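The structures come next, written out as structure tokens.
Below are two complexes that have subunit A in common, paired first with subunit B and then with subunit C.
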Partner chain A sequence: MSQVALLGAVEIGLVFALVGLGVYLAFRVLDFPDLTVDGSFPLGAAVAATMIVAGVNPWLASLGAMAAGAVAGLVTATLNVRFRILHLLASILTMIALFSVNLRVMGRPNVALIAQETVLTPFYGLGVPEHIVRPLFVLVVVAIVVLLLARFLGSEFGLAMRATGVNARMARAQGVSTDLHVYVGMALSNALVGLAGALFAQTNGFADVTAGIGTIVVGLAAVIVGETVFRARRLLWILVGCVFGSIVYRLAIQFALSADVIGLQASDLNLVTAVLVAVALILPRVRVRAGGGRAPRRVPAQ
Partner chain B sequence: MKMLSLAAATAALAVLATPAFAQTKSVAVTAIVEHPALDAARDGVRDALKDAGFREGENLQFSYQSAQGNPATAAQIARQLVGDRPDVIVPISTPSAQAVVAATRDIPVVFTAVTDPLGAQLVTDMEKPGGNVTGLSDMSPLAEHLALIKEITPDAKRIGIPYNPGEPNSVTVVNMMKEMAQEQGLEIVEATATRSADVQAAARSLVGRADVMYIPLDNTIVSALEGVVSVADQNDIPVYAADTASVDRGAFAAVGFNYYDVGRQTGEVVARILKGENAGDIPVRVAAGTDLVVNPAAAEAQGVKLPEAVVSRATKVIGQ
Partner chain C sequence: MITVENVHVVFAPGTPLEKHALRGVDLRIPEGEFVTVIGSNGAGKSTLLSALAGDAIPEDGRIAIDDVDVTTWATPRRAGLVARVFQDPMAGSCATLTIEENMALAAARGRSRGFGRALDGGRRRGFRERVSELGLGLENRLSDRMGLLSGGQRQAVSLLMATLAGSKILLLDEHTAALDPATADFVLKLTRRIVTEHRLTTMMVTHSMRQALDYGDRTIMLHEGRIVLDVSGPERAGMDVPDLLALFARQRGGEQVSDDSLLIG
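Right after this comes the complex of A and B.
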């Protein structure tokens, strides 16, 4: 595997780490199974790309993508909290609606950014090869997001949000406005996913309406691989685990892409990826068993 | 695959008519998804290279990756190919091409099966692309398609087009079709499907709203063409297609590209680059050569009478 390919996998893994963090926030912190991300990821890409093509500063465009993602999250939260639609269904409704919204935003299914200025353009001229600049840039963004998120979840507001997810009734009894926390958490979660979409469009030169396919799967895989392999208890390390899990997922795809040496075909890609991720999930357990210890208990995320 | 290339290598050795190319060249092909038309394009590239003296397993390394419909995977494949540094990268379809073009500024890229290379920002000038990118557009000969529809079914006024609004190629085609149809007093009726599972429902929604159906080069619809055909057969709606491979699968007539030929034309460009030409100096062309293919059995099932004139000038008649 070449260095360019390896760094490319890490870079895309880091972009999807933001999805992993968003999914962690919804699934684990709020206990809200949220499929909105399949729509908010391409939404972020669409909004950022459309704004950049219209001449808006790419940083502002990325913020716009986050705002759009937040709105998508709020729609799902409103359907659930205000109108009592089952969370899973509420998020599916938003997700399918977003496909049409994304087509409206872009005016066509695919917006190209290859010739446009992006947030990365100023860093390309520094003499470092592009394939190194890109993952470094995304790494800095992800690191900032992880630190801010850890700080937020450790704050009084964040603690109340975690309490909402663990036991909403108890939280309400303690005077926590659980509805507010669901709104804020869902907005934040999808804002992160929107940012991931914006970065994906800018690092890969296009926003495509089909880019959202399977986002939730990638995000969930990142969270669960991170939890299984890292088995961290401290919040900061759990978040780092999400980032790590996302990179592992991309490396699995990378290995699957190189698997033709052992006689696999291009069409086997998804199967090989799934097997590799499954192995990553199973291995830690097997190791513990073999060492005579007990299988690890499921580590609760909170 | 392995067996085939092994067989090809042995056969080539047996012939011993090898034009001596000093070193092995490498060509990497990638497509967004696998379906008959795109696969045919890939095979065309391989065969054209062979005719130009680049034989797989002998003096050519030929690799192929499919993103299985996922743009994020397409982006990752693009990075992998750039890292492998082949002599030429051949991305098939718009998203794959964009991912590859964004990932490299020096490895020669020959895209193919892209309808609108300017809109996709793959090149800024079709005549003088410059840089490291050239390729083939597969803009359908829409005027010929409309002419064929008018010739075989002159009474048809409403043309139903099932397509995926998420595919840039199809949206370009539908918009152009609308303009041209209006000029000729025809009406375009749209039916959208975003997944192959929705294709049959989209086709069904056209029953009663359209006199004929026209299948553009849409990856989603072409993947699920049989669903369209079964609806058409039950309701006597003639199905025209934009690619000839679809006629084998139940459309009754198509005048359009044979994607194998599109692939061959792409392969010829790749060979020129392997022999030393600069990608940026080769103009981006619209794929040439259209075939007329008809399927009398399908025509009967869909309640159309194929005019003798059409059958006699067809390049290929299915079932004969």
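Right after this comes the complex of A and C.
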């Protein structure tokens, strides 16, 4: 694998680390299996790209992408909390609706950002090769998000959100409005995914309506690989684990696809993804059996 | 002070599963009184507690805590007035959060939660002090997950959590039923100590007539959604389990109940 390909994989891994963090919030903190991300990722890309092409400041466009993602998360949360639709189904409804919304936003299936000013443009002129600037930039963004998220989850409000996911009845008895925390958590989760979409569009130079397919599996892979490898208990390290998991996962994909010996081609991506996630899910159980008597970890089949 | 006036609770109204769980309950519990509640399965004991806590909203009637009408308030809204310990040791705390995180959650009961840190040095010291009161050696395990504790330890911590924030009433829903006898005894004695120390107006549901008479100041018995017995003072002091069973049998119209194993404690 060449250095450029390696850094490219790290860069995409970092972008999807934001998806991983969003998925962690929904699946692990709120215990809300949310497939909205398959729609909110391209939504973020579409909103950012469209706003940038329209001449809006790219930072503002990225904020717009986050806001759009948050709204998508709120729609799913409303369908579930307010109208009692099963969470999985509620998120699927939002996801398929977003496909049409994304086409409307862009007005066509894809928007190119070549020669447009992006959040990265100012850093390209510093004499460092672009393929190094991009992962560095995303790394900084991800680091800031991880620190803020760890601080948020350690606050009284964040603690109440975690309790909402673990034991909603107890949380309510402690005066926690569990509904409010589901709304805020889902908005935050999808805002992060929207930001990932915005960065994806700006680092890759385009937004495409089909870019969202399988986003949820990639995000989940990041969470699971991170948990399996890191086995952390402190919040900050769990979040770092998500980021790490996303990069490891991406490198594994890159390796699998570039190793000619195995004979895989780019179109095998989804198959490889599914196999890797399955392996990451199975591995902890096998380890328990091999280790003899270690308490099984919570590994839901989702 | 708790005021319950003609409260009716119906589950699944208008369906074949409709259940009239409370049928006109009237009850006044003055400040600081410790009431034990008995009754057979399905008598409405837990429903009465749920109605007070906000988990069941009455079809009819009125519930007030310290003259605040809370009849239609949802659970989180009245959490500042009501502290609870559940029957299932798993239900009253978050298993995957640490002991100190659970305590921080409980300490903020009834007030709004902001973005300040849930735990800092000062709070940890305070929690450690409180936990050491239990005498279980848990003060050195504050950063352990709650799920690692035994059922008895969890109930003891849950009781402690109930006192971390001010409340008007304490509701105990068979909180020792899932424990072995020795642990149940420990938790009950702890309950008595905490209720006395904090002068809490308390309602304790129990399956054991023995416990119902040994603890608290007053005992009420529910049957088919109504209060059929309400004893306190000297009358209660002179009572033993067989007297209670006889009274209960009379209430049920002479039915033989002594073989109702659930009632014997």
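To be clear about the criterion, the second predicted complex is superposed on the first by the 260 of 302 C-alpha atoms of A that agree within 3 Å, B and C clash if a C-alpha of one lies under 4 Å from a C-alpha of the other, contacts with A are read in each partner's own complex, and residues count from 1 in each chain.
We adopt the following convention: contacts are C-beta pairs under 8 Å (C-beta built on N, C-alpha and C of every residue); 3 or more make two chains touch, one makes a residue touch a chain.
All of these numbers come straight from a predicted model, not from anything done at the bench.
**Student:** Is A:Leu159 in contact with subunit B, with subunit C, with both, or with neither (first, second, both, neither)?
**Tutor:** second
**Student:** Now for A:Ala171: first (subunit B), second (subunit C), both, or neither, which partner does it touch?
**Tutor:** In the superposed model, A:Ala171 contacts subunit C only, not subunit B.
**Student:** After superposition on the shared chain, which partner residues are touched by A:Val128: those of subunit B (first), subunit C (second), both, or neither?
**Tutor:** After superposition on chain A, A:Val128 lies in contact with neither partner.
**Student:** Considering only the touch criterion stated at the top, classify A:Ala278 as touching first (subunit B), second (subunit C), both, or neither.
**Tutor:** Neither partner.
**Student:** So in the superposed three-chain picture, is A:Leu60 touching just subunit B, just subunit C, both, or none of them (first/second/both/neither)?
**Tutor:** A:Leu60: touches no partner chain.
**Student:** Give the label of whichever partner, subunit B or subunit C, reaches more residues of subunit A.
**Tutor:** Partner touching more subunit A residues in the overlay: B.
**Student:** Tell me which partner A:Ile144 touches in the superposition: subunit B (first), subunit C (second), both or neither.
**Tutor:** neither
**Student:** Need the overlap of the two footprints on subunit A, from subunit B and from subunit C, as residue ranges.
**Tutor:** The overlap between the subunit B and subunit C interfaces on subunit A is empty, containing no residue.
**Student:** So in the complex, which bits of subunit C are touching subunit A?
**Tutor:** 53, 74-77, 79-80, 82, 84, 86, 90-97, 101, 104-106, 108-111, 113-119
**Student:** Sort out for me which residues of subunit A touch subunit C in the complex.
**Tutor:** Going through subunit A, the ones touching subunit C are 152, 154-160, 162-163, 166-167, 169-178, 298.
**Student:** Enumerate the contact residues on subunit A facing subunit B in the complex.
**Tutor:** Answer in residue numbers: 1-9, 11-12, 16, 99, 103, 108-110, 112-115, 130-131, 200, 203-206, 208-211, 213-214, 218, 250, 253-254, 257-258, 260, 263, 265-267, 269-270.
**Student:** Spell out the residues on subunit B that touch subunit A in their complex, using ranges where they run on.
**Tutor:** Result: residues 1-2, 34, 63-66, 68-73, 75-80, 82-85, 94-95, 98-99, 101-103, 105, 119-122, 124, 165-168, 171, 194 of subunit B touch subunit A.
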